[in-house]
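Just below sit the structures, each encoded as structure tokens.
Consider the two complexes below, in which chain A is the common component and chain B and chain C are the respective partners.
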Partner chain A sequence: MAPKSKASSKAAPIPESKAEPPPETVGERSTQRFYKTNTLQKRCEEVGLAALTPAEKKTYSHAQLIIPVSQDRVPLSIKAEREYWKQVSKENLPIRRLRRNYDWGQDRQGRQLDTYKLADFGERSLKQARLAALDILHRRFLAKRDKARKEGSELPAEEVEEEKKTRAAMAVLRKELYGKITGPLAQDPAWDDVVPIPQAEPEDALARIAYPDDYAEAVSYLRAVMATEELSERCLRLTQLVINMNPAHYTVWLYRFKIVKALELPILDEIEWLNRVALQNLKNYQIWHHRQLLLDYYLPSISSDTVAVKKLAKSETEFISRILEEDTKNYHVWSYRQYLVGKLELWTPAELGAAQNMIEDDVRNNSAWSHRFFVVFSNPKETTPGSLPTATDPKVPVATIDRELAYAKEKIALAPQNQSSWNYLRGVLVKSGRDFATLAEFTEQFVSGLGEESEDVKSSHALDLLAEIYKAKGDKEKAKLCLERLAAKWDPVREGYWKYQIAELEK
Partner chain B sequence: MAALNKEKHIKYWQRCYNTYLPTPYTSSDSTRLMWACFITSAYDLLSIPFSSTDRTKIRSWVLSLQHPDGGFCGSPTHSLPGQESHKGTANLAATFFALITLAIASDGEEEAKAAFAGVKRGKLLRWLKKLQRDDGSFGQNLWEGKPVGGRDTRHSYLASCIRWMLRGHHKEDDEPWEDDVDVKAMIAHLRRGQTYDGGLAEFSEHESHAGYAYCAVGALLFLDRPSSASSPRPEPSSLTAMDQGIPDKPGMLRFLAGRQLNYLAGEEDDEEEEEENFIQDAVGSLTLEGGCRHVGFNGRWNKKADTCYVWWAAATLAMLGSPYPVSVEGSRRYLLEITQHPIGGFGKFAGTPPDIYHSYLGLAVLAVFGDADLKDFDVGLCCSKETTGKIEKAREGLLKATEGEDQIAWASDGFWAS
Partner chain C sequence: MAAIPALFTSPPSIRDALTTHTSDSQDETVKVCQPFLSGQEPGTRNAYGIPHLSRDRHIKFLQTQLGELPGAFKAMDPGRPWIFYWCLAALTLLGEDVVSYRERLIRTVRPMQNEGGGFAGGFGQDSHLATTYAIVLSLALVGGDDAFEVVDRKSMWRWLGSLKQPNGGFQMAVGGEEDVRGAYCAAVIISLLNIPLDLPTDSAAYSAGHTDLLSGLGEWISRCQTYEGGVSAKPGTEAHGAYAFCALGCLSILDSPHRAVPRYLDVPRLISWISSRQNAPEGGFSGRTNKLVDGCYCHWVGGCWPLIQASLGGLQEGPKAEDVNNDAAAEEAGDHSLFSREGMIRYILCCCQDTSKRGGLRDKPSAYSDAYHTCYVLSGLSSVQHKWTLNVARTDPSVERTDKWSVSPFKEGGQQVFDEEDRIRTTHPVFVIPQQKAEDMLSYFSAKTGF
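Moving on, here comes the complex of A and B:
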């Protein structure tokens, strides 16, 4: 046993540590620091407690024993405490030391912070410091604004702009550091007085949608301002924000209309805005409904001004034409056009011409055919009010009927297998009250040698119509033959329907 | 012939049920109750059972969307919490889908009877009445006390179904009485919708559309439909709403027959975009071997085939009593070989990814065609017949409770408490 040296009353000297490489990560640095402040720990771990020198053993065990007191887990009397510190000081025991396995926590992606490279960690700390600094600026702004408002004034615009920049920078930092989203509205001091009503949905709600963050925020503000019935410019902008993301929202449009009315905004400006939205959302229905509301509201104010009404009719039909260029069969646009014709009494050659042009472009555009039928057979000057389209209307002038029949026939000759023109022909005939037999000659030209070797059919719709013509004439056999040939050869896709017609024939 | 890839469809619907719907659904946020109904109803059709936890969760979510003044809001976006709740907005479609979903979320006789527990029937029916306009049409929601929205047949259909589901065919001296909507005006409005080509639109002046035809015929069907399968049929001699509401029935049948088209797969692939959005074969070209292999349906004349129109047209015919058959085999092949998607569900067109709307209506029409893998289908309510049976029980249960007999028992037995 080595003789007791004087030094033995002091702690055992720290064994010479092998030169360790400098730490790369936060975790490595913590470990190194732990060992540096917990002398003997590493050696004890490497060689085991039994292999330590007695001095080391003593120091090691004393170092462990002082822990409960240093951590305030064991209270001592004043006297005992004095004795304790005396001993610690005398033996130079490591009283201030790091704990093992310090938890640095996780970042927003769930990565443990102790795996960060030191430089990255430094950068992160810098960001945190920057955020704290910005927060001070932000609070100063709030305080200044409060003070200004108490004095009945507002802060100058530059300061508000400065604050917006501060918040934008804070939002970026918060997102980077903690994954917290601060939406554009929360960043805008103009919305500070609104307490948003977010959707509080349970985790297991049905049909949850991965809403974009901006949508969730915009809707939560919209709910708040709609609840307080605020009608203001900023709310108008907010409706636009929501409409851009969810044009099918069924109350935001009504709310927007209410704001437009309350603020007495120029309706034509609103229509101009709507044009842009419509072009971006071709399939949306609410847009056209909103347009109708606007027109219903606006028209009475200009009804005595024929120039203004004409101007409106022109700009509206121009826009309709433009959007129909993009989507020639757009259902909502055509429906709106029908509304507009009724509202502005556009029973004009120009309107008929517009439909006609679209038929010329595409003879199978059924929407355009439909519109033509409407313009001709709903014109109050030439028709009986309330006459159903499926009923004869004696008020329609013969010239009109003849013109329409000729038009349909001309287009049928162009494309005999086109459903739209045949439907139109039948529709006109029903309106006229004339017998189907009057179409026999015209229709028969599309069919030859029926039931014979040389049978040729240019149009299954002609054959269909012929069956009705023969039936009306009382020639059941011929009608049946048409139907049989439709089922077997010329239109087998509707076989079931033709066979049903045959059965009806025999009733 | 391709079959329904049941396993894949099950997977598709489980994804819809268990995870977030993708961001593009944001633009249909206002119809989340419809998505919820389609998802749960697809589970029902495919016989995927719900655990009791699931059923409780579905119920409580649906009921959380109920408006304090009657009706259901389309999504949590439209329903406000706590004291602000009356500032939310209920709408017709959401209310229809809410009631069906509540029925789907019940299992067995007892639960079915209590499926509508918590539905404010009186308030809802009064709200429904307020939604009707003088011309007989219905708005989609109230705004400042007045019905707003279009006047199209969708709203008439939804109103008619809701009335059937909740009101039953009450006589005026029955309890609990609620003022009825104006049925005569309703029929008159629908009658004004038939177009010159036999089809139907919001107004007869608009272009005919198979979807509006379905809704008009459905609305009329439910005006005539007895409260339950066992209730007495009306006198056969009396004029039905269906008779009164369609001025030209042969024209309507012709319009519906016209929705079928021989689908030429090759031509759709060649297409650039939707530009040439119909596919019409040359006349007489179908008689070749294997002619009408794929039969598609469109919604309007000269438009392109689309999965959902197989449903809208075939279902409308079924409601009219299917006076003639459509080409079931060809249509099934169109759905199963052309628009059924490899990952499950159906797309709108060939090659388009599946979405809830087309996936559900694809299943629905296959069920109408009697697909062995799917439950028997109620073509009027667009859910399984089993679910309709539950709705009838639920109505019965709710009526009883409203009379006060079971009200207390329901409130206190904790049956639905989670």
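Moving on, here comes the complex of A and C:
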């Protein structure tokens, strides 16, 4: 290479560019820094390569030429490399320079970080630093706890509390910075040993639910502890968490019952807790099955203690009555009440009174009528075991039958078109085995002038029963008339049924 | 335009003076339904004053329900298989081909099957009879060997054995409640999957002397019939429409309905009770005495009628081809239905359709549509538009699991208040999926020897 004069070999002085305003965003700062470290780049872009002075041209092109080697894209022999560096330092060529379009990445909302204002970016970096610092504290806690456990001890509660705070702060930062959710369970050191099992389903699963984060986390931990069949205090708390979020989750209830048994928890406390859940979830039925399981399990332990049993019966019936005040026909609550009567042998005037009160409040409450029927006709002292509700039971005392018939009649008089009381009357009569004709006089008072101009019917149910009464008496014509009038006038939506009954008469 | 019969526009002719909470809510319901029934609501109506079925909107609604659902649906987390069944069954009723859902359904339900047998409401939950029932029916609806093969029948058999109770009934889940739903769901599963009836020897029911998965089940159901004539969830509770259907469905699986139903239930009382469920002027059914109409009972109660008719009528010749096509002959035969088909159709098409963009069917005009009501209102609509006839009863119930049914459009009695374009597809009265789909699954598993 021909020796060059010192003067010409030095790079031409870079013309001062106009003073640029200070950068506002990360991206602007990067661009400015790029130009600062890439000599002549800006000028070349502004005026074009051809318009540069010869010295500038030389400097610019040399600066470009050294790039492949400086970026290790072209390997050189040792000798050539020595020569290369000699030239670079001789001409003071820019070796360390920034590349254009550095990718700063994006934040959790998908915003490019290079659009951040410098101050905001600074704040973000500070958060990242804070998170890193917290992570050190967190790791120190884990290490300390490991050590303590190896020595057979646990860390003091204050340190665990401190760790919870650390994790809470980390969770906030992670969410802000990266949109990562750390749920409350992952933040709780008590759950560190459990690896949650997340929902396993394909991306395109049918009716896929976008579970809220806290719920998704809780059921992930639930799957994990159920898989190992862990029955512990913390699992009990977990079930409560899941139940609060989704009381319809039947699995968590069955699991909770297993825990209650395994930990030998006081059943009355569990019932107390259940009361609160029930009041908040009137339509839920898992609650009532859980309650039934609790009672089945608990009763044998107090069966010899009549005072305790009585106390339980009182608190249970009081609570049921309270719930039924809110929701008078709740199927599952009434079913539980029937279970309770059987279980605690509440074939009592008080229980009959409870149903009666509900009927007094609303004579059309069929659930209350059904309960009354159950209390009267399933009482083992007065009925034949296994007698079906639709069958005659000769064991039922006459006085009971008379009382129930009178009760139904009294209520029918209040509202003759109320089917609940008629169904009850009929049910009692079947139980008694008495002739349907015995009800003729009572029933006829709701029907007058049948088939005549003056016809008046106070109750289609009376007419229905009369048809049956006349049929039993062998008076087909009268029975038919009742049915015809039901079809034509008094209950025409059931015309098809009444016509079928007429056809049955002819058979 | 033919006038709307007064029966469906005016209050019943008998009314008690005494008002109670029950009568107030009944009055309120009639008030809500009245404008829909009497044609005061906007929208086109046919010659009988009845709106058309908004097929496209309902289809769109169902497709949406099968897609991604918002977090508010988390309460359905343990019952998601129901959504599959409701939507696939309803889409099928509307004439949509659901075979395209096969692969997705298979992928979705696989993680819900437990090693110990049965399907849960979701991954990591306990197996449950209701969700297993819903998944088995969904698999039948999409059809195909791949779908059928998802089910592990051997573990299913074992699991069913663990649910069978000494009293003959079934628990819904191990440690769960025992009710008539369990009896019906188990019977459907056992029947469609051709599960061997021998009871696993480790079953509690086996220790109690049962040797058969279905033994004692009919007796247990008979204990559920109440003094009102209806059927309750379990012995001693209140008669309820949904349980009446489950009881009839279950009994029709145990043996042909004309034998099994009278064997275990007091049929006249049952009919009287079911018949009482139909309300006027609403036309729809209630689930219990003195309760309100709800569209879903068009299936739970309305769906009882074909089974009741079969129980009463015994075997009948299938409709002859010429009869089906000869409207005049059919009309002459007269409408021997035990209930008001017109009332039911009016309630469904006037009151249960969400005619807004949302689509779907609902409980009553004051409620939002949902997949559950869409499925069961449409099942009811299909049932009321058709006539099912029991043609050939099984000869030996211990060997054969099903009977032969035939179906034809219901055309008797002359007047048809809905337009032909609003007639939807048929669904089997016991399995509540199309007959062909049930038969495909049955024959697939019947061809298997052992598991």
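The rule is short, and it goes like this: the second predicted complex is superposed on the first by the 486 of 507 C-alpha atoms of A that agree within 3 Å, B and C clash if a C-alpha of one lies under 4 Å from a C-alpha of the other, contacts with A are read in each partner's own complex, and residues count from 1 in each chain.
One rule holds for everything that comes next: a contact is a pair of C-beta atoms (placed from the backbone, for glycine too) under 8 Å apart; a residue touches a chain by one contact, two chains touch by 3 or more.
For clarity, every value in this text was computed on a predicted model and none was experimentally measured.
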Quiz item: Fit or clash for chain B plus chain C once both are placed on chain A?
Solution: clash
Exercise. Please indicate which partner A:Leu414 is in contact with in the superposed arrangement: first for chain B, second for chain C, both, or neither.
Key: second
Quiz item: So, does A:Glu495 touch the first partner chain B, the second partner chain C, both, or neither?
Solution: both
Quiz item: Who does A:Lys58 touch here: chain B (first), chain C (second), both, or neither?
Solution: neither
Quiz item: What is the shared patch of chain A, the residues that chain B and chain C both contact?
Solution: 197, 199-202, 204-212, 215, 219, 223, 226-227, 245-246, 248-251, 254, 285, 289, 329, 331, 334-335, 338, 342, 364-367, 370-371, 373-374, 377-378, 388-390, 416-420, 423-424, 426-427, 430-431, 457-460, 489-497, 499-500
Quiz prompt | chain C to chain A touching residues, read off their complex | solution = 7, 12-16, 18, 20-23, 65-71, 73-80, 83-84, 87, 101, 104-105, 107-108, 111, 120-126, 128, 172-177, 222-223, 225-229, 232-234, 236-240, 266, 269, 271-272, 275-276, 278-280, 283, 288-291, 335-340, 343
Quiz item: Quick one: in the complex, what on chain A touches chain B?
Solution: 197, 199-202, 204-212, 215, 219, 223, 226-227, 245-251, 254, 285, 289, 329, 331, 334-335, 338, 342, 364-367, 370-371, 373-374, 377-378, 388-391, 416-420, 423-424, 426-427, 430-431, 457-460, 489-497, 499-500
Self-check item: Touching residues (chain side chain B, partner chain A) in the complex
Solution: 16-17, 20-23, 25-33, 35-36, 39-40, 57-58, 61-62, 74-78, 80-81, 84, 87, 89, 91, 140-141, 143, 148-150, 191-192, 194-198, 202-209, 247-248, 251, 253-254, 257-258, 260-262, 277-278, 280, 282-284, 286-287, 291-292, 295, 300-303, 323-327, 330
Quiz item: What residues on chain A touch chain C, complex-wise?
Solution: 197, 199-202, 204-212, 215, 219, 222-223, 226-227, 245-246, 248-251, 254, 257, 285, 289, 292-293, 328-329, 331, 334-335, 338, 342, 361-367, 370-371, 373-374, 377-378, 388-390, 414-420, 423-424, 426-428, 430-431, 457-460, 464, 489-497, 499-500
